[in-house]
Structure formats: structure tokens, C-alpha cells
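Sharing a structure here in C-alpha cells format.
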Amino acid sequence: MFILENKAMIEKKEFSHIDAGGNPGMVDISEKSATLRIATARGKVRLPAEVMQALQQQGFATKKGPVFQTAMIAGIMAAKKTGDLIPLCHPLGLDDVKIEIEIEGQEVVITATARINAKTGVEMEAMTAVSVAALTIYDMSKAMSQDVVIAEILLVEKKGGKHDYRRES
Amino acid sequence: MFILENKAMIEKKEFSHIDAGGNPGMVDISEKSATLRIATARGKVRLPAEVMQALQQQGFATKKGPVFQTAMIAGIMAAKKTGDLIPLCHPLGLDDVKIEIEIEGQEVVITATARINAKTGVEMEAMTAVSVAALTIYDMSKAMSQDVVIAEILLVEKKGGKHDYRRES
Amino acid sequence: MFILENKAMIEKKEFSHIDAGGNPGMVDISEKSATLRIATARGKVRLPAEVMQALQQQGFATKKGPVFQTAMIAGIMAAKKTGDLIPLCHPLGLDDVKIEIEIEGQEVVITATARINAKTGVEMEAMTAVSVAALTIYDMSKAMSQDVVIAEILLVEKKGGKHDYRRES
Amino acid sequence: MFILENKAMIEKKEFSHIDAGGNPGMVDISEKSATLRIATARGKVRLPAEVMQALQQQGFATKKGPVFQTAMIAGIMAAKKTGDLIPLCHPLGLDDVKIEIEIEGQEVVITATARINAKTGVEMEAMTAVSVAALTIYDMSKAMSQDVVIAEILLVEKKGGKHDYRRES
Amino acid sequence: MFILENKAMIEKKEFSHIDAGGNPGMVDISEKSATLRIATARGKVRLPAEVMQALQQQGFATKKGPVFQTAMIAGIMAAKKTGDLIPLCHPLGLDDVKIEIEIEGQEVVITATARINAKTGVEMEAMTAVSVAALTIYDMSKAMSQDVVIAEILLVEKKGGKHDYRRES
Amino acid sequence: MFILENKAMIEKKEFSHIDAGGNPGMVDISEKSATLRIATARGKVRLPAEVMQALQQQGFATKKGPVFQTAMIAGIMAAKKTGDLIPLCHPLGLDDVKIEIEIEGQEVVITATARINAKTGVEMEAMTAVSVAALTIYDMSKAMSQDVVIAEILLVEKKGGKHDYRRES
């Protein structure tokens, strides 16, 4: 391993929002070109058995809808507020946000995909959509149990920037 | 197990934000009295080894500050927006929000405590503060690695409402 | 009709948000006491026959839900933003907002009730909830027809301030 | 009328924000091109005689200004928040919003025109501007009478998308 | 001067939003009692001669109104967003905000007074109202001259907390 | 000086946000082309000696960071809200905002630079960033002294619109 490689690695391993003086700042994207950016994030909310049972029983009737649909709308609306929530995020429009919510075993799995034609990506928009959809499910089931847990929020895939990314497994 | 008990259990196991017609709605708190409410939530952000190393090296110098401090401020500001993010949450003031961020092994551990003297609790405010602080850490380290994962967000403790709660372990 | 009566009438017939110099301003409520305030507003969205038919057909299947539920959530969230939208409104919390949406003939009828224990009423919160729920129904049906019309938004009832009010008929 | 035509008509008669599974979602505009979009909406606020009289008397003096100007500013600011209020609206910038307010008989007539060069139109921005201007007039005159009614909010014209539209009469 | 006095002085000379570990945080007001708080702030916008002349000439006609009234409304609306703008401010309601704008020589003088019955004061609300009113005047006159300067923003008086304050002169 | 010149001068000396009827409105930019716009604003916060001393002493230790960094983050986040705060400002994205804070004698000097490729400039974004960063410094030091004064906020330079501007001195 040589000095130049080391230097390259170190350059890549810096926090992009921190300048040379150690102060937080935005990343300047004024010289970049707009391309189509797509990002997909996923989150899991783990429900205790009695909450999952209530969700499913009521869902087979008429109440499944409102819990998941409220969470979807909350997630979509939150994606639009990403630049307002995350201090150093660029304020962006959005060409699309889609949220899917499914039950897998004891978990509610939330998947959000954001799209835009812009100079920077929508990774944070997808992550924020999932986070707020998860918080909304927590909010709507917390009267039954505080043991509801947001078990995971992560990026699944992104395309269209300097490097594409796809999580393995 | 008898019918009446069953009925009681079912009543307790309903989603409080869904009315009899299956529609989403707020919970009416107009008849409740204000008491001191405290809620503590915790979240974990798992960093790949190279990101943790960069964080610690730069933190021993001057750069640890800006990552964690930006996350703290983001979390505090998000707590104040909880009612704007979570559809059926009551809009509340806040008497205090405190966020602590520590490193434990490969994880950054975020703890948020919210306080208010109000008719309803600040569980969602603490959960939201942790979520947005976690998203901010993700945002600031994502240039280094997309393998950063928000590993867990949960309620640790709440006091002052109908039932106190304290998570075991 | 006498001078004193005239004077009284004129005093009552002034715009409360305009001061003696003709400038817009908030109404000072610092000397008022908090009481329970309830306000109900109603709005109507008139749908062309083909839109109403689509709504009902799809509603008998699974799609009625998302249009009305999205409108309900939009209305509830907008009620919480009333002070941010209406320049001279006091910023208030809310103890409850409920929205009901029904079909009557060619019209969708939206009813919103807001509640708070505060120094001023929630008339604008109920009116704003109805307005934004109506705009959301317009938004979701506008791809079918621009002839959708928000036909009416008005106050039905308010209680708890200086004067109670109940619209006749 | 043939099957294919029927099918086309049915396709056009779906709620664009509802996906095949009956869930609410945004419309993906990532493949569309930006064109100049213009939309004009109109609303009417019906004032009881004594409120209209107060408005006109005070307006001929110096107070007409603040009521209408506050409503204009409220409408312009609300147009900028459309994406924040209407759940499935795209977040957009705006190249222009103009609001005119005139008295016609017992009604205050509000007309808002929004303009943008974008992939989607500003119909909702114009409708939202009118709605919030109307709510502001209601707010400023409600101390005189609760019989003020928002009598109508509708689209007058839009240009620049797939289909232009102009309301007859 | 003795050690204990010194210590007291040092304790008073700490930044209240910074905790012992050097991290930013809110001040806990959960143990405080609500009292009537009033704060008045003042700002000055210095206009080049040609802008002041345009303002006054047009003001003697019909255009004075819209510049100052737009600034007043902007200031009032900003006061309501103080907790959203200033990271460690408590989110508060407001019982009243009044803004006055006058011309003194080459300067536009903005005075804002905020009132609330709460556990903490509205000093920042008054300061924010003045700042955003001043920015609005700058915005509306910047097409004529960039030499418009916000010359001063300061607290004039506050009452109702631990210590009252009144600026001399 | 001739009539035509006079007329030109008068045309340039009108408030661009006020229309012929004396009503406030946005400036229509739909016909303009996007170019790179850069604006730099500067503000000064004058600290009493004891506050400056506390800031510097604690800054040499570990506490300098949080005051200035909180102000930087507040300023960056406020720049993103400019269109929400200033009534007639266009809502814009931002390609970059950078804030620098330095001590010069008894003053804290805040400099903000905003960048965007757009049809209109980011002068107000830079001015707003400085204003809110200054308010945040005021907020964090007000427990020590109310004599902290925001002494000046002005535009230093702008490039990329019809006329470039650079303040002398």
C-alpha cells in the first residue's frame, strides 16, 4: 500500500459535510449536471404478537387500510420535507415517491423509492420517507404496546450519481 | 377466559387512531388534565469499520464535534416538528429536549429525552428526535459508505401518563 | 336609532385584525382565560357524474378508502398548520380534530370538528381542515375532470367563546 | 361507441393518485419534459350586508387595503406551501403567483394565477392560493359575522400540460 | 472580590444552551411557572436617498401601504415560526404580536412587541419578527439599490421573567 | 436631465413587488433563463466585553464550537426556508450555502454565500442565512447579557443576474 493510494483512501474517507476547518457545511453542487437519480430504502417495524394479531384481524375486516395508508401518506409527505429536516441536505423537488408496506412474519416492512432528475441524489429522501412511515406505525400502535421497535432502516439501492449502489442479500 | 375479559382485551388491543368506521383520526384529549410527561427514546447507528475509524480519528482532532453536534441540533429541531410529521400526533410545545450521542463498539448510540407538562405524552417527540439525529449521522457519513445502517429505534422509558413504562434490560 | 347604539354597532362592525392606523395585527388574548372551545365547519365538493361514478364503483371495491382517507389526513395535518397559513391567527395546539366525509347526491360533504382548551377558538382550524381536505379530493380527481368544484365552505357551529354560534338549517 | 374507446374512457376515469393495489401514491413525472404551465383559479367569499358595508366604508377610507392585501400575501405564501399541504402533490418551485381581489355585488372574488416551467402543472398551487386567501378574508371578518361563506373555489383555466382547459361562462 | 463571588459571576457568564460536556441543548423549563411575558425589539433599515424618496412619494400616493404592510405580515408570521428557526428555542404559542413601522430620517424603524403567558419569554419571537420584517423591506427595495442596510436589531425591553430589562436611551 | 431619462430613472426606482394598482405581488420570472447566481451577505453581532470573554475562554477550551456551529447550522437551515419566510420571494432550491463566523474585536462577523443555477438570484437566501445565524448567537448569549446587538446585515456581493454588485470597502 503506497502513499498515493493511502492519500486517495483518506480523501474518500472524510465526512463530506465537514470542511477543512472542522465546520459543518453543505456540499457545493453548482458545477454538477442533472441526471436521473433513483434511491430505494427499507425499514422494518417489529410488532409484538398481540399488535400484529390486532393489525391482521382488523385488516381482514376494514381497518388494515388506515394504519398502512396513514403511514404511506406520512412517509410521502416527509420525503418532501427532507431538506427541512436534515441540516446539510440540499432542498430538492421530487419527481416521484412510492411507498410499499408489507407484513413479513412479525415485521412490517416499509420500502420507499424516490426519483428525481437533479444534480444530487434522493438517498436521504427515501431514508426519511421510511423513517417517518415507521414512526407513524409506531404512533398508531403504541397504545397497544410500547414494545413496538423500529428494527432497521437502510439503503437498498441507488442509481444515477457518481457510483451506483446495491446492497447485497 | 370469559367473554367480558375477552371484550376488555379486544378493547385494549385496538388502534387508538382508528375510529369505529375504520377511519384515521386524532385522539380527543380535551377532557384530560396536564401532568408532567417525560419520555426517553434510543437509537443505534451501525458504522462500518472505516467510517467509525474516520469518525474517531477526526474526533480526536477537531472534527468529532461537527458530526455529533449537527445530529443533536437536527434531532432537537425535529422533535419540535413532531406534530407536523406524524399525521395523528397532537401539536405540542416542549419544555425540554436533550440528546446524547455516544460511541459503543461499532455503534453510535443516540438517546433523546423530551419533557412537557401537557395532556398527552412526548413519546413521539423523543422517537422523532432520535430518528432524525440518526438520519443526520447517516447523511454525513454516506459519502464514505452506504453500509451505514440505522439499527434500532425504540422507547426506553416514559412517565406521567396513564401507565409508566420502562423497557427491561 | 341613537348615537350610543350607533357607536356600539360600529364597534362591533370593525375588522378585528385592523388597528386604528389601518394596519394588520393580531388580537391580543393575553388577558383572556382558557375555556373549552369547539368549532365545526363543513365543505362540499361537487363532482361531475363520471367522477362520482368512478369514486363509488371503485369505493365498492377497494379504492374508496384511499381518496377519502388521504383527504382526512390532509385535513387533520392542515388544521395543525392553521397558524402557519392564516397570517393573523394565533398559533395554537389542538386537543382534537375529527373529519367525516360522506357522499350526498353529487356532492362529497366534508365535516371537521376541532377542540381545544385555550384563550381563543378553533374556528379557523376547522375551516382550514375542511378546505385542505376539499383541495385534496380535487387533486385526486382532477385527472378525470377539471369540472370538480369546491362548492361551499362555512362554519356550522362554535362553542365556548364570547358568543356561541349555530348556523340555521 | 366501441370497446376500445370504452376502455380508453375507463382508463381516463381512474384516480391517478391510487395505484393498482388501492394505495395512495404520487404520479411519477421523471420521464416528462418541462414546459411552461399556467393555471388560474377563482374563489368567491359571500359577505353579509353589514360586513360588505364595513369593508367598503373602511376601504374608501384607509382600511380596505389591509384586509385584501393580507389575503393576497396569505394566498401567495400558501401557493408556495402547496406541496406541503396536499399529500400527493409534487413539491415545485414557482415562477410567479399573482392574486387579484375584487368586489362583485355581495361577493369578494379572488383570482389567482400561477406560472412555472416544470414537468407538472400548477393547478393545485392556484387553487391553494385562492383557498387560503379566502380563509384569510373569513378570518378577518369573522368577528363581525359567522355568516361569511366561502361560496366557490374552482379552476378557470390551465395551459401547458397534456390538455389545455378553459371553463365555459 | 472573593472566590465565591467569582464563582457566581462565572456561573452567570455561561452560555445557557451549552451543557457541561460542551454540547448544545435546550434549557429545561418543566419546573418553571407560567407568567405573563412581554418583549419588545427594534430594528432599523437604512435606505439610500433615492429609495427613501421612492417610498415616500409612492406612499403619499397609494403604494406606501403594501411595502410596510407586507413587512408587518412577514414579521408576524415569522414570530410564529421562531421555534422552527432558532435551534434551541422552545416552541411556544403567542398571545399577541404587534409590529409598528415608521420612518425616521433615512431609516425605517421597525418595533415588534410579543406577549405570552408561558414558562419562558418571547424575546426571540420579538427579535425574529423584527429581523424578518427588515429582510422583507430589503427584499422589496433591492431592485432599486443593494445599498439598503439592516442597520441594527436589538432588544428594547422585556418583562415577566427572572429579571426585567429595559435598554437605556 | 431630460424627460426620457427621468422616466427611465423613475421606472428603475419602483418597488418591483408592487403592481400598478399598489398591490403586493411576486415578480414573474417565467421568461428568464437559468444562470449561475452567487450572493454573499455579511452580518455583525456586537458582544459586550463579558460575553466576548466567556465566548473566547470557553472557545479555547471546548465550548467555542457549539455556539458558532449551532449558528452555522441555523443559518444554513434558514437559507433553505427563505421562500417560506419572505412573502414575495420565489421558492428556490439551493446548490450550496456556506457560512463562516469569525471574531473581529468586539464583534462576531458572519458571512454567508449562497449559490444556485436558477432564473433568479439568492441574495435573500444569503441575507436570511446571516440573519438567523445572528439571531441564534443572540439567543445563546442572551442569558449573559441583553446588550448583545445585531449591528449590521448587508449584501457584500452578488453575481449572475442582470447586474453584478460588489459593495465598496
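So that you can tell them apart, the chains are marked A, B, C, D, E and F in the order they are listed, and the count of residues begins at 1 in each.
Note that in this section a residue touches a chain if its C-beta (ideal position, glycine included) is under 8 Å from a C-beta of that chain, and two chains touch if they have at least 3 such contacts.
In this text the structure is predicted, and so the values were computed from the model without any measurement.
Looking at D-E and D-F side by side, the one with more C-beta contacts is D-F.
Taking the CA centroid of chain A as reference, the farthest chain centroid is that of E.
For the pair chain A and chain F, the distance between mean C-alpha positions equals 32 Å. Centres computed as Cα averages put chain C at a distance of 16 Å from chain D. In terms of their C-alpha centroids, the spacing between chain A and chain E amounts to 37 Å. Contact of a single residue of chain A with at least two other chains is seen at positions 22-24, 65-66, 69-70, 73-74, 77, 81, 84, 87-88, 92-93. The touch graph of the protein chains shown belongs to none of the named shapes. Within the complex formed with chain B, the residues of chain F that make contact are 65-66, 69-70, 73-74, 77. On the side of chain A, the complex with chain D involves touching residues 36, 68-69, 72-73, 76-77, 80-81, 92-100, 115-117. Contact residues on chain A toward chain F in their complex (touch as defined above): 19, 22-30, 83-84, 87-88, 90-93, 119.
Residues 12-18, 22-24, 43, 50-51, 53-55, 58, 61-63, 65-67, 69-70, 73-74, 77-78, 81, 84-89, 123-124, 127-128, 131-132, 134-136, 138-144, 146-147, 149-155, 158, 165, 167 of chain F are the ones that touch chain E when the two sit in their complex.
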